[in-house]
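Next up, some structures in structure tokens.
Shared chain: subunit A. Partners: subunit B in the first complex, subunit C in the second.
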Partner chain A sequence: MFLNLIPIIIFLPLLGSLFVAGSRNDAGGYSYNAVNVAVWVVCCNVLLILKLFASIEVNLDQIQAIVQIPWPIAPSGALFFGADMLGLMIVLGIHGALLLGILGLKDFLYGQRGVLFFAMFFLSAATGFFMAADLFSFYMFFVLMICPLFAQIGLISKGNAQKTPSRFFLYNFVGAILLLVPVAVIYTMENKTVLIADIAMLQMPDGSGILIWSSIFLAFILRLPVWPFHYWISSVNTVLKNPLVFTCVNLLPISGLYGFIRFWPAALPVEISSLVPFFETLCVITMLYLAFSGYSSTSLRDKMFSYIFIYYLLYLLGVFSPTDVLKQNIAYSLFAFMLVAAGMIMIVFHIDNESSKLQNSSGGILCLQPKAAFSYALLLLAGIGFPVSALFWNNFVIMSEILNANVWVGTVAVFTILLTAIFQLQNLYDLRDKSCLLTGQEKVYDIDNLRFAAGTIVMIVLFLSFIKPLWFVY
Partner chain B sequence: MVCVLTESEKMNEMLGILNIVSLVAGILWLILRRIWGEASVKDYFTATQTAVLASIVFSLLFDEYTPFAPYVSADASATLVYILTAGVVYIWLSLSQKWFSAENLQANLFCVLALSALAACQIVNIAGNLAVMFVGIGLLLTVNYLFLYLSQQTEELHNICSRYGLSALFFAVLACVSLYLLTPSGWGLKQLADTVSSLNVSELYMTVAGILFIFLFMLAIAPLHFWFADTIAPAVLPVAAYFSLVPQISLWTAFLKINYSFLYPVMDNIDGVYIIFGILSVFAGAIGANTSRHLRKIFACGGIYHLGVMLLVIASFTDQAVLIGLNYMQMYILAMTGIYVVFYAFKSRGDYLYNLNMVGGFAKVHPFVAGALLFFTASLIGMAPLPGFGAMWAVLKEFTSAHHFALIAVMLGGLLLLLPAYLQVARSVCFAQKQENFDRMENNIYFYLFLLAALMLFLTIYPQFWDNRMPWIILAG
Partner chain C sequence: MIANIVICLLALGVLSLVKTRRRYAYVIIAGSFLALVLLAMYFLRSWTAGIETEFLVLWDSSASGDIKLVINSISRNYGMIFPFFVIVLAALFNNLFFRYEKRKKAFSSLMIFMLCAFIMLISGENFVQIITFVFVIDILSQILIQDVQASRRYGIYNLVADMGLFLVFALMRGELDNLDMPSLIEYYNDGQYQNLIIIVMMISLFIKFGFFIFHSYLLDLQSARFHRLILIPYLSTPMVALVLFVKLKPFLIESALFCFALDIVLALTILWGAAGAVIMNNLKEKTIYFSMMVTALLVKVAANKTFEWNIAYSWLLICGFLFNLCVYYLHYYTNRDNTLAFFRKTQGVDTLPLYIVSGATMIVIAAFCACLVSFYVPQNRSWILGFGCLFLPVAANMFSRLIGTETDKPESFAFQATDYRPVPVLLMIFTVSALSAVVAHAAWKTAAAVMGIFILLVYLRPLQRWFKNDDFVNLQRADFFSNLYTFLIARPIRFTGRILTLLVDFVFFERMLVAAFMLGAGVMVRSFRQINREGGLRYVLFVMTAFAVLAVFLLRGKI
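Our next item is the complex of A and B:
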């Protein structure tokens, strides 16, 4: 039974996207119907993922439930998909994050059908990517993920930002090409379907190993915000004024991270292990830069941007550390982090939208929005590592391993995480500072009950995952 | 063993030329109709499309008959190429009819030229003799020139037409010289392998250059591409569509045929030329596409890039390379046909739009047609899992198995250079502000787009469709 669930989980959002495209706008061009369809599709898929979770052996460190889908096009006769705890946790996290992103659209509902259509398309591609069990499926969904994001960014880009989608696509397509070449070389060498689990065992010809692995390494690193490969992220994030698109685009670096998790432990180090310290240094420099820019920025979205990418880089350092035991911790932490970040994005965009009505700044705005203040404060505290979610334990383990591997890198990483916590707390303080509020402000709306409920549910989920990370597996 | 045909068998073999006869009959009807008095545009196009359809049917029914052997050597690959070409011509004529209804141009001459071009393509396809092939090419050059002549509405086009005529004449003369040098041993493709091997170096270069340059010129491979993009931009839409779609696949197949029939003994002398010309085409096409905002010119330059890639593939002279070359070409032609169908849909108040600035916001009015444009464009860049990916994958595998990593870098580097131009098209069509009130879409546009996408999908699923249909590959050993 569980074997058939995987294709359904992958293609259900794609089917949902067709229904979203076919849904009618309400009078005035509002996309309530499309939102409802999207929410139902994501919820149904979450139930299927939970069912699949119950069917696999969560403690087994390998892709299970491998299913073949006939594939008549080159290079192989079938695509292989499978699931393990790591992949499913990420898929579940992405579904949760997207659900929160869709709820965040409530303030931006005019003409959002296209954005929702491509969000569903993205969800399908991302799910396929994290469940891919063979090299070609992995590559195919790696490329496919950028198409809906290109369209989403294009749909919301206005004026001077119209070149942003092209830059985004081009930059990520370079990564795709860098992955395509090694995939072609490996398929030519093996002349058969290559499962991801077998990549570590491949015998590379002398001299070509370094090129193949460097190309794969660059393909993944281009998806991550590591200086000097961070260009697309910084250029795109400045134009993302839509919570759903912001959420989707900020989920893309996970594909690079996941690529490293799958390829790194056994396969890569032999060829390019000497480069690891260099990249670790680049990572911590970028983390420091992001932390300081988040600290100095006054924009809520910029602070969110810094916060999200500092944590991605922390996970990347965890992946680089010479141990395989962190995989589980990264999975638990990443799941919690995605929910926290998406929940915060949902509320930050609401605050940003409402603060545009204020005459001075957003300072003190949360005093007028008790529900948003409650949700935001809880999520932020969980996000910076208070012991209320799986982030706390697992980030603690990840950081201790990084420190264990390299004291200097670990120290700088801990320092940036502290700096992140400080600027986030300072931000919360500013938003709740009553003295910044001017009297006679125009009416500022709080988040609606649905978003408040979503924020509360996220907190409950996070708290339960603090006690038992896989509490939902029955 | 010499096979002697009886009279009745000879008569039966003549059925093989019924496809050309139907085209000639169409031409005669059009000429007579013109002499007896003007008919409507619809009448001309209906007659022309009927002739094309009849020609397709005859090709399918009598593909095993080979009249005038050994001057003609029809095989399954020639039939496939012809059907593909004739199918593209049918779609092109069907869409051009509306154009001629709106514009005051000679529909009769256009239809005559269309049928002549198709007949010339078929002669090139089935030629078993170099002289016959060059007759077809000569006819094709003449038709090309007349198409440009038909299209000349501006001073610029008049100059382009003259330049094209002179260049074509120059390369035709070179080809004739080559033919003359090969005269003593006969012009049969099968005999020429021995002849070419026995030529001294200067004769060899002279002969091979004459034969190859006419193809490279007509296929618009750099550095002989100078006429192509400049012709397509100012020409009227039906003529631009003709140059981009109709002669390419026949010429490419004939080019492969001569390479694998009799040039393979001297492949060590010419593979370097192919690689240099291929690299030049890849970069000239990719850079050229980025310098224009003219839709047709962008895709014409894209075409030069793709031809460059095909040339790089066949430079290895392996049997697999021929299949890949043909598969790539058919994907390219189908995708380009789809793109031209969309160009015929870029219409505002009866005017056909050709500039990126004009088509802004098209997706808001016709999302499915804009989606089709993205589909065909993404196929052209080989994005997985779209149909074009299969062809690109085959090229990559060919290069990797031969350890031609530098060629992979050239191909993919060129693709990255080309991509901004295609992205610019996608951005204008899908995300830019609406500039024009676009006309209502005709149903046949949707039908042709669907048909072409389905055909691409079919040929991607069955890339081995060409296997065992090219007996001339065997000659390459």
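Our next item is the complex of A and C:
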């Protein structure tokens, strides 16, 4: 069963991307064929993931069902893939998020087929990364994930935004090199690839432990925009005007977070444990910075960016806390968060696009878009932590562990979450404020029924996950 | 018992939302009301039977602990639920006849869900259940307000309060590894951060109560519909705060800091509420200030160490709501203009319902005071006396200004009262209820004295003579606490955010780091290009450099 399912789940989107590349553009620029292929591929993969979910022991805290695929060229060895609840939840969340991103493409015709092609490629790489069970395959997919994103960003960048791909590549390339060094060192030490579960137990040579762990740490931190390494993603996000690319780029930092979860055991290696308070401080400084800049920004997309990264950093603080029980809560919360964020991105990009037709600001635009208003309000309530999704209880546990580890770090984290919730709520009120609307603005369109249905389904999924996080496991 | 009621309420709430033809809508809301009456009878029978049961559902189980939904059918919970049951019944009955509610079915359903959420909050014995239903009531309150302008600050203030409670409960859970409320006392004895917890909890509760300094969000409610506004103080966040206060009291009153701050804030709230209720012209603002004042006293009464939530306390809440309802109907019969300056006397309007509402108002006030007598213990004596000295003149002032203000509005503005018939029925019921409260507490003398003083004050109008509202125009327009919020909190955060974005992202990264990197790369590319150009000197330099590198490796290198 596993032997067949895991490689299929990894490579099906890659196969789908070939179909997308071969599809024709329809009249009017909208690539119905490409979109349909992409949607069907993602849906089929979701079903396969659910099937795989049913076959594993969800309460077992280790990678199960390990599949070995021989590596045909040097260095000799094999690639190992496997699945556990954490990895599968993230993979499922990414599939859901990409599906919403694809549905959001309807208003954005420029380079649509290319964007879809690389999105499928990204999905394949991301699935491989989250199912990787050994160091070599982990590294391979870690690097492979940035290639389609680089191409996507380059494809949609115009004018002044053309510098963006270089920034994106610069930081991520440095991150890839930083991870390559420890991977190579460990490979040389062991003379074979090492299973990820065994990394924490490796005996490092004297003096090199600090270098190896620091290198791993920096590689992951470059993916997660912790200050002062945050600039690449903030500069990239400000110029991305395509919901699918925005969604993909904002899913990339999960790889850094996942890396920390896998490599960062509760009993920290002695070489790095003394630096934890320093990392935590950097995290909360970044959270504060993002919260303040999100609050002061007037752009919907900037606010979304701040919101998304503050939550990623909250999860990172949870990973740093000296306990292993949070893994499950982070998985549940992250799954709900990915769906909420992708749903909000889908609607925010539509609102942003439509508000360009208004004479003044986007204030009050939701009064003209009842369906978008309904979906956005519900997703936002879930997103800011109201008890309608798995975010609520799991974030409560994560925060309580952070507070337990360091009360001041936890208090600042709660403050930034509060500030984020406030600016998102203010945003909602502004968008619903009828008094901001001028007359004669009837040309603004609401989201179509398909996106409304998608938003509603996401809310149902979120609500079910609030009642029972693994309701879909049969 | 209570669990059965919750299940029935949920079903009833969902049924009320079923989409029907317009003509069947009335059947649905009447059916909902009747069903709620039956449930109320079942509730009273279960309460008086005195059978105690526990209903427990394991909601979620994880390595971090189990979350249970608990509904305990115990006498204390029955007592605390009772006033909210009565208020929801009154609201549903009013909704049956009230013609200016456009979405009657949705309103009925909302009231039923609100009652359900209050029952779950009151029954809650663990942090997660409590904080969940605090959030749920906040969401329902936002739907109740239904106005963006009114709910903007309401939502944000309550979010701040909720996150404060969230922080407190998360901190306690992290340290105690326990989600149960009884562990609060344990935390007070052994916990590390009592002061932090007390301060955060105190601020959260004060915001939720809408006490002095934190009350400005309540004033925004003036842009909400009046019949919805009167429900907010007695079926929304201030009552959530009251329930939480009663639950957390064993922990809170151990803190001298909390008791000290509470007394000061309560005194200021009562004074500020009384002043606002007298000075303001806008009737909605008057109602909000008046409710603030009443809530402050209710909290003072509940803060007493010997306090037990009994039937008299429940009647205080009910009478408070009934007074708001009477004010609303007085306003409804006089003109339905929110600004008292433009109120006109009820010329051309049938005055019978006005008399009935006026009578009901007096009885409600008398009943309130009669119930208050039950709490006239030495610890509360000065507070109750002081409150009484403010309460009666302020209530009389509101009442007399409602029914006795002349205006020069044109005759065409005359309000045609064609739909008053249900109101006398409604108010008769309220009056009988209020009278029964007086009977229950055998406080006839107090009730009679209060009514006498009230009538005298209405006749003499002392406050109206001393405070002419037109003298306070600037004071009425001034919004000190909104400005305080804007200039001390919102603007500095926005300013800091902009400065940080500009300094860190633009100046430091864009103009310094990225530019330096690009410049460095450019210098390197140019240097290599220069070296690779044809020319004798460059050739020599290139070869010399290669030899230098070779020499270094030969001399210093190891094999």
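Just so we're on the same page, the second predicted complex is superposed on the first by the 464 of 474 C-alpha atoms of A that agree within 3 Å, B and C clash if a C-alpha of one lies under 4 Å from a C-alpha of the other, contacts with A are read in each partner's own complex, and residues count from 1 in each chain.
By our rule, a contact is a pair of C-beta atoms (placed from the backbone, for glycine too) under 8 Å apart; a residue touches a chain by one contact, two chains touch by 3 or more.
The structure displayed is predicted, hence computed values, not measured ones.
Colleague: Which partner chains sit in contact with A:Gln328 here, subunit B, subunit C, both or neither? Use first/second/both/neither.
Modeller: Touch partner of A:Gln328: subunit C, not subunit B.
Colleague: Could you let me know whether more residues of subunit A are touched by subunit B or by subunit C?
Modeller: Per-residue touch count on subunit A favours C.
Colleague: Report for A:Pro225: first if it touches subunit B alone, second if subunit C alone, otherwise both or neither.
Modeller: After superposing on A, A:Pro225 lies clear of both subunit B and subunit C.
Colleague: After the superposition on A, what does A:Val397 contact: first (subunit B), second (subunit C), both or neither?
Modeller: A:Val397 contacts subunit C only, not subunit B.
Colleague: Between subunit B and subunit C, whom does A:Gly410 touch in the aligned arrangement: first, second, both, or neither?
Modeller: A:Gly410 sits against subunit C, while subunit B stays out of touch.
Colleague: Quick one: is A:Phe292 in contact with subunit B, with subunit C, with both, or with neither? Answer first, second, both or neither.
Modeller: In the superposition, A:Phe292 contacts subunit C only.
Colleague: Quick check on the superposed pair: does A:Ala151 touch subunit B, subunit C, both, or neither? Answer first, second, both or neither.
Modeller: first
Colleague: Answer with first, second, both or neither: which of subunit B and subunit C does A:Ser234 touch in the superposed model?
Modeller: second
Colleague: Would you please give the residues of subunit A that touch subunit B in one complex and also touch subunit C in the other complex?
Modeller: 170
Colleague: Would you pull the subunit A residues touching subunit C in the complex into a rising list?
Modeller: Residues 167, 170, 227-228, 231, 234-235, 289, 291-297, 325-326, 328-329, 381, 384-387, 392-393, 396-397, 399-404, 407, 410-411, 414, 417-419, 421-422, 425-426, 429, 432-435, 467-469.
Colleague: Residue numbers of subunit C touching subunit A in their complex, please.
Modeller: Residues 59-60, 62-65, 67, 128, 131-132, 135-136, 138-139, 148-149, 151-152, 155-156, 159-160, 163, 166-167, 169-171, 173-175, 192-193, 196, 493-498, 500-501, 504-505, 509-510, 513-514, 517 of subunit C touch subunit A in their complex.
Colleague: Which residues of subunit A touch subunit B once you look at their complex with the stated criterion?
Modeller: Touch residues, subunit A against subunit B: 72-75, 139-140, 143-144, 147, 151, 154-155, 157, 162-163, 165-166, 169-170, 173-174, 177, 180-181, 184-185, 187-188, 211.
Colleague: Quick check: in the complex, which residue numbers of subunit B touch subunit A?
Modeller: 378, 383-385, 387, 389-390, 393-394, 396-397, 400-401, 405, 408, 412, 415-416, 419-420, 423-424, 426-427, 430-432, 460-463
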